[in-house]
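Shared chain: chain A. Partners: chain B in the first complex, chain C in the second.
The block that comes next holds the complex of A and B.
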């Protein structure tokens, strides 16, 4: 009989801190009188920073498996958790400016974000289908509520409901796939699944069942990173949800879901990698194509960024399709750079105000170079980086991914990637054209949010994008170290 | 013999009541058929020797979830007949997708066989000398403590979500404030007056 092991609890101290901290913050919010949002939000940021700091200082060292092998603590999980916590801090700091005076100014907002972060921590450490599922649901449920948080807005409610219904379907696919895998292997634990799948050559017809289960699970994860053809929800949810929530959606959950896909492909499904590779390749190519072409006709900034994120996930998946250590480390590097660029882009959008609200339409930006030159230049730098123009950070991410694809002889993917990047550059640069070469619209110029914190976050992201060229190797080394243990 | 008779009885009633759930005109009837379906599923679990799951199904799903459904269905002012008419247009597409899934699943059912190692991997069902409940209790808080606790957090998030999305503070509602009630002093609310006979209080 197994006995409860207290050392396991110590090993997952960051998760325990997050869980207990979030519950304490809720108590703070309930007992504080009036205007509890600001203190709770700042305390949440503090909690995340402390958690990330704890993870940084307590390096994983050797890989640990805790709670009866339900969770795995390794370098990869550590780095992903630091990314998630960092992205969440940036997203919440940006959000504070946006949610201050609306119906959304309620303390549950940061608390729900914190629970979502906890769920994502569990996702990236998952080493068992059961742990994967509960972590995924914890984060997903918090995100559904956040999408509908602006409950007086019909669009936000619609976004929340749509996200919830489609998310429930993807959970159903995940569970169906998990039950098929369990039915074949007799275990939900990743290491045992891997050993079972690699030991016996899967007998003829049964392999279809295993493949079916695997593809169902991968599809459910593709839904979470909004890869084509599971991307339908993304533009609607991004557009309908409040801008601060959209920023959070675009920055944080993608990292967790992508980390989970990496974990699955290199772990339990590794024996069947050759079967999975074409599936991932199709998803990657379709995401790159849809992300590039569907974004061209968009007029709403948030929809455009939704398609941009679809395309970016396609580029990131190229690294995974390569299937080499180089590819995985390029993927991790790409995720980090994508995250910082997205933070910056949403930072500009949320700082600029039209009638007290964050800007929504691309045409709102027309003539920005005259009315708000600094912000126009900032957004221009970010857009150039997004489209992958050297010497900005975005170029290095794309370069690493395509280099890995070429090294793995996936020339077709690399060529499609470069071509779609060119198409995508068109709509990124179109934003710059609107800002610099179109006359400002009639009426008053765009206002500015008076939140100093958001400006600091934006500035930090800009510095990263601009100065990345000085030390591109450092991030590459970090990514390579983190992904070292994944492939045997 | 009796066991297989019971199996076919439970299965038949389960499938029929599931059909009635989606075909009944009156939504309240649908919920009642859903309850019947739950009971029969519980019966199937008993046949499998999983009495704990069977009782949980009866207590939680029938006792709490289905009754909640019933309340919601009765309170909602939605014409389900209209809803159904609108959703009718999607039936052909739904049938096609459902048919494809059915064929695929049937194919898998015939192709499926567990791995040679599955027998060794699979966790033992309840030990012989222990009841279901006892065996679950032994692993739920030890081996499965992590998913158990995280499930608790999921329920907490669900509760926060329900409150965030629905609770509104309405001005003008009267609330009982216990501390105010306790802190009331006698002087504030009681006034003693001498009343002359025949004059009354002003």
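The block that comes next holds the complex of A and C.
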């Protein structure tokens, strides 16, 4: 029944390149003696850039299904892969300077990231519950290890373990859900599931079981994007993991998981939309509320950013709940903008050093406007953007999702979104207050990382945030094109 | 070019205010003084062109508001009424600007002070050159703002801040009347343009407003509402309480704003609206009575006060009363005449008083002065000139204008006119008396100040005396020179179309021959009484005040108006405000709104943080519970139970 088709392999050339490249890099790392981090990291970045370049130049055009319809290659997957590769490049460039000369300066670090990226590529292109699971696990396993990468630190080990245990539970939920769906539809292939469900072929009582399966799968996905109430791991893991890993967590996997949710909601579960939308709405509202309110009392920057990412995923989900093409396109745009802002924010935090480590406490930033004015202004711009203040990029992301929600008559969501943005603005602007209106701690001026690459990454992110207003349409058009084929 | 005198002060203000730090105090003084002197020169040339040449015109500057048929423009209306005001404003203001250079030389914020003076002058010029009610209101509020800023200029002094707020709030009451008057004009004439309003006035003379089931004569209502505005700005009885307190400001401010210009805006407004007042006889009677009562009321208080500036302030109020009852009996020319002469001699008196205060090391209480005539001879002589003009001694400026007012009141041959005439005569007696009481207490007798102050008594510098000379010339000559134009043979040609009627002026020239003499005679008696009480004998004032203790107390405590208002308005407002603030704002709005929400957010945040226990099994449980809850919810929904 299976005939090996060489064309299929060509079609997934980026994934092949990543897989082969990552394994080669591992070998390079093993053979190179000592101090292999930097060359391997550089090669990894090179690998990703080449892969992304290949994706850019080999447009999907027609939607393609390969390997017995296990994987799908379309505009959406293409754009998401470019986002993932871009985010990974930024995260790795920031990370190298952070972990260099620490116990973490090992070549496995970029290689693990590369495997994670490969897994995410598969997630984004998944068109089958099995492909989905394999991709998800490949990325998740790499991330578990990365979380505990600072192996001398008990906090990091704890974070890695927590992430692993809870991630295993979510994988279990995913598999349980997948088996229920398979049991009642007779297939793991998305298109078949969709066709079966929309034909109403599942009889009365069974439909409950299908819904349960759907809920289990969606919950597992919600865990990956750390949406409430599956978010509990996020603050602990963000705080415990090395800052560079946290940055990677905050930037890249979110995109892949969100892309997968979009794939599921518009694909196999599309016939169940009337039952699924309220569930997503509840998750979105809960995420926005928790993201806004729980962050208020945090004193650690990383915990704060954890809640910030929870809230931001809530806003992004608003676009999905809207369920329209406008909403999906707003979601994609939101993800891109959020990614860039997060890169910038972590860039500032990782450039500022206290005792050779990235800053951890919000109070560490007090008086930053006097000691490091440029970084204070950079972070201030990013925080204003995060809280959605025009004319910065963050405003346009929020505006797009709320606009989509209003257009889809989801007024309650839009209102809650705007109100929680106000609450969230408090803690973003609180950081600015600490930097500009509090006296610096005595005799403890923050050090500065000497890495020029990190500065370039930060500068690029700032430029994007500041200049976005000049051409807000371009990203909107890209997002709209990418999401065009999703809704039938 | 014609609009330049209006905008030179604005330019001066902007430069001094925005760049005061850069150009320094000297620069600011130079810019503002130069602007004002230039404006004064241009105004005088306009006076020759417009008033004497009969060349009235309006210059449109820019459109301001255009909404449907409603239209209001920035414009400079040049007719005799406005150029007279412009001359008075710019000349007095120039004098005050120059004087301030010397008077404020020890102040830390001279640039700011000069800029405020220029701002005031600009606003006042906008007010008098307006050709519609909206621009007039702009100027009206502008002078109010400048007055507020300048009264409270020494903002470290609590009493100055209190006085500034009081002036602002009391003026609000009057401004409400003015605003309502403007609305009424708009309703009645469908326009705020002066020309349109005056043209249609006679056709609307029978119009009525219906309000709460009553009918009101429309023009009377408009005039009364405008008069309420005038009362506020010109400190007429009822809305006068802010003026004496405004003396907390620096003395040049008192001279410029609270004697010569801003407080006369009300008189100007009534004269400007003479075409309407002529058609509203009842409103004219109200103006007359209020004016006359203010004249005598303020004079009684002026006789008992000891603060040199407050005496002059009450004198100002009293003289404003004269102007109003002149306008009330229809002698608008006479009102403007007195306005003009009064500006000179009252500014002279104030600046002279400032010179005295300067000499006495900031002492204002006349009970601690005396015996300084020999030390500051020039000021002494100038104060004499001012007092002679104020008391209406023949051939000084005040003589011509005050006589004219009283003759016009008599010549009206109405009961109200007669009342005003006799009250005016009484007030003239008191005016002369308190003027000489002031002169004698301040300059004559034995020194009552401590020897430390007396050692420092010195004549003011030349820069402060120079403006006094200019004003003194006005106080001496203005009456004689301008008499024919303002109220004499040339009256019709001079005023042109800017004033509706001169009947009362003509009638005033045909009164019994004792009438013109009466003010002079009572003035003489007043001066004599002053000498008897404070120079030739001793102890009379004390005896008199002891015998008429209740009356003296009534006058000295300013008829208890402040106390009355305090009990009637201020205290209840405080209580109400406190209740709204504490109960309404702080408890309800803040409690449920900002503060309450913030507190609830923090509490909620705390709860959410507390849920974050750090135990994996708690987290796992949460996930399971969430899934079960979502499933249960879907199940119920599917069964139609939700």
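As a convention for this text, the second predicted complex is superposed on the first by the 486 of 488 C-alpha atoms of A that agree within 3 Å, B and C clash if a C-alpha of one lies under 4 Å from a C-alpha of the other, contacts with A are read in each partner's own complex, and residues count from 1 in each chain.
Throughout what follows, a contact is a pair of C-beta atoms (placed from the backbone, for glycine too) under 8 Å apart; a residue touches a chain by one contact, two chains touch by 3 or more.
Predicted, not measured: the structure shown is a model, and the values here were computed from it.
Once the two complexes are overlaid on the shared chain, A:169 sits against chain C while remaining clear of chain B. Look at A:6: by the touch rule set out above, it reaches neither chain B nor chain C. In the superposition on chain A, contact is made by A:186 with chain B only, not with chain C. Contact with chain B, but none with chain C, is seen for A:138 once the two complexes are overlaid on the shared chain. Ranked by how many residues of chain A each touches, chain B and chain C are led by B.
After overlaying the two complexes on the shared chain, residue contacts for A:122 are found with chain B alone; chain C is out of touch.
By the document's definition of touching, both partners, chain B and chain C, reach A:212.
Applying the stated touch rule to the two superposed structures, the overlap between the chain B and chain C interfaces on chain A comprises residues 208, 212. The residues of chain A lying in touch with chain C in their complex are 161-162, 165-166, 169-170, 173, 207-208, 211-212, 215-216, 219, 223, 229-230, 232-233, 235-236, 275, 278-279, 282, 290, 293-298, 423, 426. Chain C contributes residues 601-602, 604-606, 608-609, 611-612, 614, 616, 618-620, 622-623, 625-627, 630-631, 634-635, 637-638 to its touches with chain A in the complex. Residue ranges on chain B touching chain A, taken from their complex, read 104, 107-108, 110-122, 138-139, 141-147, 149-151, 153-154, 156-158, 160-161, 163-165.
Every residue of chain A that touches chain B in the complex is listed here, in rising order: 1-4, 19, 23, 26, 67-68, 70-71, 106, 108, 111-112, 115, 118-119, 122, 130-131, 134-135, 137-138, 141-142, 144-145, 148-149, 151, 160, 180, 183-187, 192, 195-197, 199-200, 202-203, 205-206, 208-209, 212.
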